[in-house]
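Contents: one structure, followed by commentary.
Each chain carries a letter (A, B, C, D and E) given by its place in the written order, and its residues are counted from 1.
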Amino acid sequence: QTLEPVRFGVDAYTTGSQIWVAKEKGFFEKEGIDAQITTFATGVEAIDALLIGRADMAVGLDFPIVSRIQGGKLTVLAGIFHSKPGFHKLVVSNDIKDAKDLVGKKIGIATGTAQHLITMKYLEENGIAEDKVEIVGFTSLLEIVASLRSGRIDAAFTWADGTEKSTDGGDHYVLTDDAAAKRNSSAYIAAQTEFTEKHPELTVATLRALNAASQFIATNKDEAAALIAKNTRAPRDTVRDLLNYNEFALALTDYERAGFKEVADFLAKTKAQPVSFETGVNPKFLKEAAPDLVKLGN
Amino acid sequence: MPSYAWSALSVAVVVIFWQMASTWLVDPMFLPAPLAVLNGAGQMLAEGTLTQSILVSMMRILSGWFLGSAIAIPIGLAVGVSPVARHLVDPFIHFFRFVPAIALVTLFIIWFGVGEMSKIILIAYATAFIVMVNTASGVSSISQDKLNAARCLGANERQVFFKVMIPASLPSIYVGMRLALASSFLVIAAAEMLAADAGLGYIIWTSRLYFQVDWMFAAIIALGLLGFATDRLWRLLGRTLLKRYLRGVTGY
Amino acid sequence: MTNNQTSAATPGAAIPAVVFDKVGMAYPGQKAGSELILADLSVAVEQGEFFVLVGPSGSGKSTLLKIVAGTEKQTEGRVLANGETIAGPDRRRGMVFQSIEEPLFQWLTVAENIGFGPSVAGKPRAECLEMAQRYVDLVGLRGHEQKFPHELSGGMKQRVQIARTLAAQPELILFDEPFAALDALTRRVLQKELTRIWRETGCTMVYVTHDIREAVLLGQRVAVMSRGPRANITRIYDIDLPYPRDDLDSRFADAVKAIEGDIEREAASQWEQN
Amino acid sequence: MPSYAWSALSVAVVVIFWQMASTWLVDPMFLPAPLAVLNGAGQMLAEGTLTQSILVSMMRILSGWFLGSAIAIPIGLAVGVSPVARHLVDPFIHFFRFVPAIALVTLFIIWFGVGEMSKIILIAYATAFIVMVNTASGVSSISQDKLNAARCLGANERQVFFKVMIPASLPSIYVGMRLALASSFLVIAAAEMLAADAGLGYIIWTSRLYFQVDWMFAAIIALGLLGFATDRLWRLLGRTLLKRYLRGVTGY
Amino acid sequence: MTNNQTSAATPGAAIPAVVFDKVGMAYPGQKAGSELILADLSVAVEQGEFFVLVGPSGSGKSTLLKIVAGTEKQTEGRVLANGETIAGPDRRRGMVFQSIEEPLFQWLTVAENIGFGPSVAGKPRAECLEMAQRYVDLVGLRGHEQKFPHELSGGMKQRVQIARTLAAQPELILFDEPFAALDALTRRVLQKELTRIWRETGCTMVYVTHDIREAVLLGQRVAVMSRGPRANITRIYDIDLPYPRDDLDSRFADAVKAIEGDIEREAASQWEQN
């Protein structure tokens, strides 16, 4: 039996964990898939590679995916993970006791990520207008933590081991977490629309393999962490932690729909054509691969 | 055919080719047509984003360029003049000029904050080494006859330095700064990765993220055109004010 | 006129202006094992003397001048100026280089080039300008003051260099074929001026030329160098004629003929090889 | 005191200062001590990551550098020689040399794929302009006397080009490539953003993600040292094989 | 000996080698409004002639040669070589430049510099080497073949340039003070060689020198240029003496004296200004 090649684009983070695990544990092979995986620095490059036909499937966070749906070239197949509430923690300097103390302070954001939206929603929820604080945009967590610790900014939502790194100096503490922002954020797996049309079975097979991988991760976190770390050159303990913070499972539920809409609304300000969950996501394949994972109300 | 006609011709050909490419060859999603880009630029102009971004970025680029040159020229001169200075500093010059600015972003934020300062210093960092290396090679290739002539005429080492070495190495400094100008433009993208909320580099980053390819191209083209204009201004300066020092190097 | 063999540091009251003591010279870049340019060369130039050096092309005359100027360093023996070892180029020893392009400052006008010496000596601006103009006139460049070196003819560049060196008023001037690119009259005028300056200021002159008539016209002593490698001064002629000299004088012609004979013997060995 | 002693001294002083800074001045989380970096490098060496990354990155850097120079030198020569070529190409040279490579990443992926090719071409892009500008200025500042002498000796324009212009502009090409070498090293970070799973740039990116600042610094230092070594090799080449062409410019 | 005023294109059977017809010249970079370097200059050089040009420093002799060589372009009038307008430098017209450093190829050895002409003419390597060696010997540089230009003395550089131009075997050779940096004997030997080459090959020579004896020794006609600006050829002397010439001949001395007088008158106006 010959294996059908499928080209995946993933980032160097844990976003594509199931893909690594499915490859390493032979889930792809079992489905007749020859997975060819290319790593990119961020999801943006991975999804761009998909758009231009250099990859068949790619994973990415909601922002880059939603902003690239409008051309109809890519189809979102499923949510691939979402962070559990509490993944992002609002770290503030010790003199900030309360949300309202943030007024007039410098707040760090990771521009164009879930954290960006969480920060905005958090401020909104607490009745702080955007122009009452100084938003400082960064492109990576490292810079945010460095700025916090060196006193260049006063507060920021951090995540993963960034939280511990920002607070262990003693000058900062966790004020609250993203539960307070009431926002849903996910990463998705998307495919070239053309690919899904040409190879519907392969698409479904892929989702099956990834679902198997999700289940493996849920039950064998240590081994999964080792596999992922090996492939991304990430430290194993960090990966192990990340597996705890996040829910690695394929899903298309109202949770994803809500998160998707938030991003779409945010982007509508800058985009000519509005996008929606309905136009961008095709639940057909996941339904076929694992019907119980699709739970979309009306 | 006058010289600028050739240039106009080739620019026209390339723009037409671009239009054709984006129509037939490359997905316009990634290579928007000239008109689309113009349209995007128009939008940004109307909103005021473009003008503001140009001003902000140019301020950063030029400050960083000047700062970098102001630091690099004395070091380059010292290294070119004194073998001891050279051996002391050389390992660092030829080490740090290979270290990407992006790798130092974190340290720069810690040291210089998230304001303008760290961006300007990042640009200065990226430009300084080219100017330094060019200045030092310029100084060390001044003909010994010229230096000795000055000494025989009674110039002491200070006077040799100011009255002969500096004028004689101005061509190298000038060319170094001209090359480094490009570096300043190139790192604006990296510099505006950090804590920026305006600027052409910022537009490039956010439009990449939000996939506004026409905006991104408008910013790229603005960068290219500004660079071109600055380069021409610099050449004009070389051909007028500094003419007597630069005869021969302003040919290109 | 007497011929005497070269000798180092003639004993006398005053310290000689320049003393070469068993000097040997090889250029740093020379191939290892290749022969010395100058070898075992000893000679002394007295204070206020007009010393002329002649010899075949490529023998080492320029090399000798550069050692005195301090721009090159001998590899063997000692060289003293005013009794001190030479540490490097210095305002007391001016030099008109053989190279006519490089030594000029191409970013300065003719007048600024000539005024360089006075200006680095810290003279006030007005005085510098005035001196520059005086030397511009001396070498016949009036009307060309505002030109840059690249706009000058070969002979004009050479005159700028001469004027510039004179304007710096050094104690000792080294001339390396200064009039090679000049026409006969300009050359004659400048020879006269040079003699005048030498007699008025009492400075020491070390002068290299290929023109034997010029050598005899100017020099108190004329030294003849042998063909290199391992060049040396083979003979020194004392020219005991009063200034201004008359080239129709028979003693003048005799001196010229004797020196010419000498050089020809030296240079001829070159051509015999072929 | 021999020359390398001065260098050794200053390197030692800086390393000691670095150790002190990371102990007392700067948060070691962002500026790990020399020993910690050495340790990180040791880990990566043991895993084989470091050696492999160095090989992969150097291959990309050098290929890109050579490719960029191979493209730039003929263009630079043409632009320096022919006014028509200059007017046709000049607007693009002075436009694109100000456009950051990072902005073109997507287009490069479209055209050259996600393999080695697009990375090498990205590096070539970043280095080509420096070489081009230096070559063109070199050609246009060759003394007319030299060119005319060759013509008077019977050289036709082809021979003038190959036998005089190229040798006479080698110093500028050489210095241009030396400066451009730094650009190749600098963009490796950007190049390995795209579709890399090994390389020093990739290590810099991923270690940033995971707060492995010691790894990041190990990669940075590897880059700096490799750059330094390549620069010395290039200088050695200039002082030996190309010596007759480069007298005067290899001083620094 | 007859003196005749300069005249364009003497009518005759052969087309003249060079014709200047009312030529005026200003350098491109010259200040607007400044005067012409050469003005209204007309002269013709016949095929196979040995034409010598003398004149005060800075008058425009080098400029005239460069126009013939094609490296500079006159701004007024016509210049023809073999009846054709001059489009640019060309293998038929060789030139020994006044500048002794720039025209040499500093990346080639002495032998390679001299062999440049034969090698671009496509001669086989062995023949190039053999020719280079012949001309190395001709100018007395044997033993220095492997040196690079920066390792040579001034006179040696000049000889490399002379040998290089001769080795290219042009039809017309332009010499700009070629022997200025050479000692008397070397100069004498090369003058003899030059005459021999000229007579054997029948090529045309246009020769600039400041040495009037040299001018009379070599030239069939000696043209005197006036002092610039607006320099012109004021007079042309026909030297009707047989080769090889004897400088003790009284007619030789007369010619020298006449020409010297002319130049002095020209150059003197310069010095009168002061």
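Convention: a residue touches a chain if its C-beta (ideal position, glycine included) is under 8 Å from a C-beta of that chain, and two chains touch if they have at least 3 such contacts.
Everything numeric in this text was worked out from a predicted model, so none of it was measured.
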| item | value |
| --- | --- |
| Graph separation of chain A and chain E (steps between touching chains) | 2 |
| Chains touching both chain A and chain C, listed by label | B |
| Maximum inter-chain contact count - chain pair | B-D |
| Length of the line joining the C-alpha centres of chain B and chain C, rounded to whole Å | 49 |
| Interchain centroid distance [CA atoms averaged], chain C/chain E, Å | 28 |
| Rounded Å distance, chain A centre to chain D centre (Cα mean) | 36 |
| Multi-partner residues of chain E (at least 2 other chains) | 99, 102 |
| Shared interface positions of chain D, touching two or more other chains | 27, 30, 106, 110, 208, 213 |
| Multi-chain contact residues (two or more partners), chain A | 48, 52, 142, 146, 149-150 |
| All pairs of touching chains, each written as two labels joined by a dash | A-B, A-D, B-C, B-D, C-E, D-E |
| Touch list for chain B against partner chain D, complex | 3-4, 6-7, 9-11, 14, 26-27, 30-31, 79-80, 83-84, 86-92, 94-104, 106-107, 110-111, 126, 129-130, 133-134, 136-137, 139-141, 175, 178-179, 181-183, 185-190, 201, 204, 208, 216, 219-220, 223-228, 231-232, 248-249, 251-252 |
| List of chain B residues in touch with chain A within their complex | 27, 29-30, 105-106, 109-110, 113-114, 193-197, 202, 205-206, 208-212 |
| Chain D contact footprint on chain A (complex, rising order) | 9, 12-13, 38-42, 45, 48-49, 52, 54-55, 140-142, 145-146, 149-150, 161-162, 165, 169, 232-235, 238 |
| Of chain D, residues touching chain E in the complex | 143-146, 148-156, 159, 163-164, 167-168, 170, 244-245, 247 |
| Chain B-facing residues of chain A, complex | 44, 48, 51-52, 63-64, 67-68, 70-71, 73, 106, 111-112, 135-139, 142-143, 146-147, 149-150, 152-153, 267, 270-271 |
